[in-house]
Structures are given as structure tokens and as C-alpha cells.
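We just call them A, B, C and D in the order they show up, numbering each chain from 1.
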Amino acid sequence: MTKSRLEAFSDGVLAIIITIMVLELRPPEEDYTLKSLLALLPTFLSYVLSFIYVGIYWNNHHHMFHLVDKINGAVLWKNLNLLFWLSLFPFTTAWMDHHYMQPLPVAIYGIVLAMAAVAYLILQKELIKAGGPDCKLARAVGTDSKGKISGILYIAGIGSSFVSTWVGIALYTIVAIIWFIPDKRIEKIYRNEED
Amino acid sequence: MTKSRLEAFSDGVLAIIITIMVLELRPPEEDYTLKSLLALLPTFLSYVLSFIYVGIYWNNHHHMFHLVDKINGAVLWKNLNLLFWLSLFPFTTAWMDHHYMQPLPVAIYGIVLAMAAVAYLILQKELIKAGGPDCKLARAVGTDSKGKISGILYIAGIGSSFVSTWVGIALYTIVAIIWFIPDKRIEKIYRNEED
Amino acid sequence: MTKSRLEAFSDGVLAIIITIMVLELRPPEEDYTLKSLLALLPTFLSYVLSFIYVGIYWNNHHHMFHLVDKINGAVLWKNLNLLFWLSLFPFTTAWMDHHYMQPLPVAIYGIVLAMAAVAYLILQKELIKAGGPDCKLARAVGTDSKGKISGILYIAGIGSSFVSTWVGIALYTIVAIIWFIPDKRIEKIYRNEED
Amino acid sequence: MTKSRLEAFSDGVLAIIITIMVLELRPPEEDYTLKSLLALLPTFLSYVLSFIYVGIYWNNHHHMFHLVDKINGAVLWKNLNLLFWLSLFPFTTAWMDHHYMQPLPVAIYGIVLAMAAVAYLILQKELIKAGGPDCKLARAVGTDSKGKISGILYIAGIGSSFVSTWVGIALYTIVAIIWFIPDKRIEKIYRNEED
């Protein structure tokens, strides 16, 4: 089973998710002042955060499937599971936009982020199962300390949303920064591959 | 005639359909309580059901065209016919969302599901006609008992919507579960192919 | 210059256009009766007509580029010109929906259809220019009687919209039927190619 | 690392951006007169300008990656940065539509155009860095006088928006025209490549 259609379909869904989120950023209808533009700043920043998150998933998805040769029917469904949670990003981003000082929307935003991360791990596990314990992906993932730290930060972020929404959002942002920094392990596997 | 553009176009349309449906899931504008979030549960569950249905069609489309070598002009149109019925999913899902206790929207939801299934069978038939009775797809489909059971369940679901909407929705869900379970026949053909 | 990205981008735009149009088909918010559903019939029929038109353009685009080997910078822009006119279909379809008994929206619908047809011919001419008078596409197109008849029917349709909107819509539908019928010339070239 | 998925994802995002912008062009709901249609002319012209801009970016992106063999993780992120600024086009176009006589929306439109141009240059630089100073892209870009002239015109356009919005829009249009004219240097590299 070739992976090209799975990649193309995932690219399509991610491209639409990333673009749908910008629709939340409605221009001020009645106004054309700097003040009305600055009032959109929280919405803009939520968009930036969610854009970066979808970008991270696209990048990691790209890297992961680059290292994979074999896929099967279970991979198709576990990939759809990941896309399902990512498809909720526009919803949670919009709700957080409207009430960015309120605990529940910020916590729900974090819960969906965490569910997407779990879905990603499930997909990764299935791919390693299909490829065998010695496959390139298994070696690249290794002990997956990034994944473990992210998990702790998500739980901390969701919890602290009920105390301070800013702490919650700050913790989600830190996870994004951790993943934004290029993954040395995978880049190394790439280089070895080219040699 | 190569099948790659047909696959790419279908992937695009399915990716948009699956993502557009989430737009129905509007965050509660005025509110940020758990109660207002729980009020969205029926909408969320309709989204999940329709997401799984589109996922099933994407998976089956993927499997079916994997087994196919030859396509022709008639296949292009019969594929567009399938995409047409699938493109109505966001409409019927949204109507059912708004009135999920009412018979007509639930019945219409089922009718469009059934029409998509019929369109899928028409496309499958055309592909088998193009490939010949001995082609891989013809052997994979066989007696197509899944298709027959689905047909009966759709008719039962549409009819029972007028008695109890919950029975209708339950029957549509059973069809989804039947298709969700991996198709042994096609997986077998795949494995044989690899040998 | 390879044609694969031009095809992929066009597929993407056409997939979105076809799916955006269905968003006009809003489920009746307040109501769940058969009457309210039947009130959507004109909107549904406009959607079907526009869906078939976009389907025809996708099919013809697919066939045309299948016969083409060389593309250049001018082709990219002439393809974007075609996509521009097709991108107006959701607008003209929506306006016609709202006022389907009024001459101007029906005439504008036809004018945009005609502009897309002109853009298609301009693109075809550029492709033939790039491929030379003896290329496969040049032989497939031949005298292009379909194109000429369509032109006359569009002009007649636009004009008669001001007398009777039904005659206008009927003439646009006839053009769609003419193109729906498979093109013997291109299919022949295909078969010859395979021999 | 292959460039095909980066191209496919970018094509998807660009296809959606270009098509989403047309949603701003709402048909007059209450009216079906020529007057109400002509009232949409500024919105239509903004759409045309933004469509051409996205078209230019797609064309240039296509040409640039055609000349590139090697990509790396940094290229993925710098490409996402470009897509981010392009994704704001529907927002700035819509705001300018609503208030096309007001300085701020016209200036912001220009600022986002300029940011996209900067993001494009950053991406180009990274690609040249990855390919080496002797790579095809480095030779094609050369002294990049077009880029420099665009920069000056953007700054002039943004500044003059506060004096006359028409001068601002005129200057943005001139940049579009400069880029619309085919790039002799790149076309030459192409031809040499074919020889």
C-alpha cells in the first residue's frame, strides 16, 4: 500500500484547517481605526499559536512518513484519528478567542492539543509496529523525551488554566517552542541516510 | 488515462467536505460554561458520525483505486457522482444537528447516506466493467455481502426515523461500524499481491 | 517545466469551488418540514447545474493536459485566468439562487459561464501554440464545433434571460448536456495512443 | 528530503486562500439591479488585485522550487512563514473592501503585502544557502533588481496611503504588474536547462 495518497489527503486537511482558522480573524466592520485593529490582537495571537501548532504537526507528519516505507489499513484509521483532533483546532481557537480570560475555553484548548498529541503517538506506534523495532522511524524516535515533557506540560497547562489562564497559555506556548526547535535525532537519521 | 489526477481531485474534495463539517460546531458566543459546551454534544456526535462516514469513503476509495489499473471517461463522471452525494453530507448533518429529534432531517440524512452508497456501487461496477471480470477489484469485491447488508440497514434506518429518530441514527451507526472493521477480502488481495 | 504542479493547483482550486457552492444550500434553521425542504429545490437545482459545470471543466482540463507535454510561463497565467472565472461560479450561482426569476442574475450567471469558456479556449490556444500545429491536442480539438455551438447558445441564453429566465437557464443546461456527452474525438486519440 | 510534499501543501494552502477571498464578494441579498451589482465593483477589483498577487506568488514559488534540488528543515519553516503572511490576504482584502477610502486599511493591506515579500526573500535566501552559491537558483536570482524596486514601491505605497488611498493602491498595482511580466532570467535558465 503506497503512502502517497495518505500524505496528499493529510496535506489537504491540514491546509484547510490552517486556512479556516484565519476566517475567525474578521476585519472590524464598522471601524477603520488603529484602536479597532489592536482590539483584534488576542485573536491574532491565538491564530499565530494555532498556526504554529498545525505547522509543527505538518512538519512532524512529513518527517515521520519520510522515514516510513510500509503502511496498512490500521495506519489509515490512526491517521484519520489524528486529523480528527486537529480538525477541532479552529473550534477551540475560536472559543478561546471569544473568552480568553476564562478558564474553561483555555483548558479545552489544551485538552484538544493534548488529544492530538496522543493521537500522534498512537499513529507513531502503529507505524513502528508495521515497520519493525529496527526500522528507521523506531531508531529516530528513541526514548522520545520531547513527547514525555510535552505530556507533562499539557497536563500542567490544562490544570493551571483554572488558576490563571495566562499560565495555561504560556505552558502551551512552551510546548510549541520545544517542537519548533529542529529535532536533531531525525535530522541525523536523514544525514546518515544520504551518506 | 492515469488515475492519479482522479485520486488527487477526490482527495481534495473529501478533505474539504470533512473539514467544512466542523464549521457547524460553532463555539458558544455568549457563554464560557461547561453547560454551554455540553449543549453542543449532539452537534459534536453528528460531526463524529459524519467524519467517520467520510473517512470510510476515503479509505474504501483508496483501496478500490489501488486495485485498479484502467480508468476511462465514464469512471470520471461516476466518481463525480459519488463526490456530489458526499458533498451533501455537511448539509444533511447540519439539518439533523438543528433538529435531531425530528423524523424528516434524520430520514434525509439516511437517504443521502444511501445515495452515496449507491453512487459508490455504480462507480465500483464501472471500474469492474473497465477492468474485466477477472480483474483484482472484481475478485476483491466478490459477493459483496457488506454492501447488501448496508442497503437493508439504510432502508430500515430511513423508515424507522419516522417512528424513533434514535433507532434511525443507531442503524446508520451500525453501518458505519460494519465498514469500520477492516475488510479481510481486500487486505488478503493486498497480501497476495505483495507475495 | 513540468505540468504536475499546475494540475495539482488547479485540482485544489476546482475542489474548493465545487465544495464552497454547497455552503449556499443552508438547511432551514427554524423548520423541519417537507415544505421547508422543498423550498430549497431551486437552490439545489442551481447547485446541481454549477456542480456539473465545474465537473465538465475538471474533466476537460484533465483530458486537455493529458494530451500536452510542454507548458511555459504563459500557460500558467492563462490557466489562472480560467480559474479566476471559475472562482466566480459560487457568486453567480448564489445571486441566481436568491432571485431566480429575475433577468439580471440569470444573465450574469451566463456571462460568467461564457467568460470561463473563452478563458478555456485561450488556454487551449496557448497549449497548441506551445505544442505546435501537429501536437496531439491540436489534432484532438480539430474544428471544435462543440465550442462554436456553445458560444452561440451562451449568447442566446444571456439575451433571452431578459425575456424569460427559464429559457436562459434551459439554454445553459443544454450547453452542459452537450459537454456531458463524452467527446469522441479525444477518446479516439486516447485509444490510438494506447495502440 | 524530497520537495514534493512541501509543494503539495503550499499548493493546497494557496488554492484555499485564493478561493476563500471570493467569499467576500457577497451577492446583493435584497436586490437584483445593475446598480446593486455595480456597488460591488470596488470589492470585485480588490478581489482581482489579491487574486493576481496570490497568482504571482504561486507562479514564483513554482519557478523557484523547480530550480531547487535540496531542501531541509529550515526551508519547511521558512515556507510556512511565507504561507502565514499570504493567509492574511483575505483579512486585509476584506478590511480594505469595507473601507477602501480610509488610510489605515489600505496601509495594512500594503504592510502584509510587504511582509509576504520579505518572507519570500527569506525563503529564497535559505534555498540558496542550502544549494550553494553556484546553484541554479542563485544564478537565476542574480542582483534581484525586481525585488529591490518592489521594496521601494511597497514603502512608498504604505506611506502615501495616509495622503491618498488611490496613490497607495496604484503603487501596489504597479508592483503586481512588474511581477506579472515574465521573468526573462528564469525563463532563460529554463531554456538552458533544456538544451
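By definition in this document, a contact is a pair of C-beta atoms (placed from the backbone, for glycine too) under 8 Å apart; a residue touches a chain by one contact, two chains touch by 3 or more.
These numbers were taken from a predicted model, which means no experiment stands behind them.
How many degrees of rotation carry the C-alpha atoms of chain C onto those of chain D, rounded to the nearest 5?
Resulting rotation angle: about 90 degrees.
Could the interface between the copies chain A and chain B be described as same, meaning over half of its residue numbers are common to both, or is it different?
Different, since under half the interface numbering is common to both chains.
Can you name the chain that lies farthest from chain B, using the mean of each chain's Cα atoms as its centre?
D
Approximately how many whole Å separate the CA-defined centres of chain A and chain D?
27
Round to the nearest whole Å and give the separation of the Cα centres of chain A and chain C.
Whole-Å distance between the two chain centres: 38.
Provide the list of chain A residues touching at least two other chains, using ranges where the numbers run on.
Correct list: 8, 12, 15-16.
For the complex, give me every residue of chain D touching chain A.
Interface residues on the chain D side: 1-2, 5-6, 8-9, 12-13, 15-17, 20, 72-74, 76-77, 80, 83-84, 87-88, 90-92, 94-95, 98-99, 102, 104-105, 108.
Tell me, which parts of chain B touch chain A in their complex?
Checking each residue of chain B against chain A gives 7-8, 11-12, 14-16, 18-20, 22-23, 25-29, 32-34, 37, 48, 51, 55, 58-59, 62-63, 66, 180, 182-183, 187, 190.
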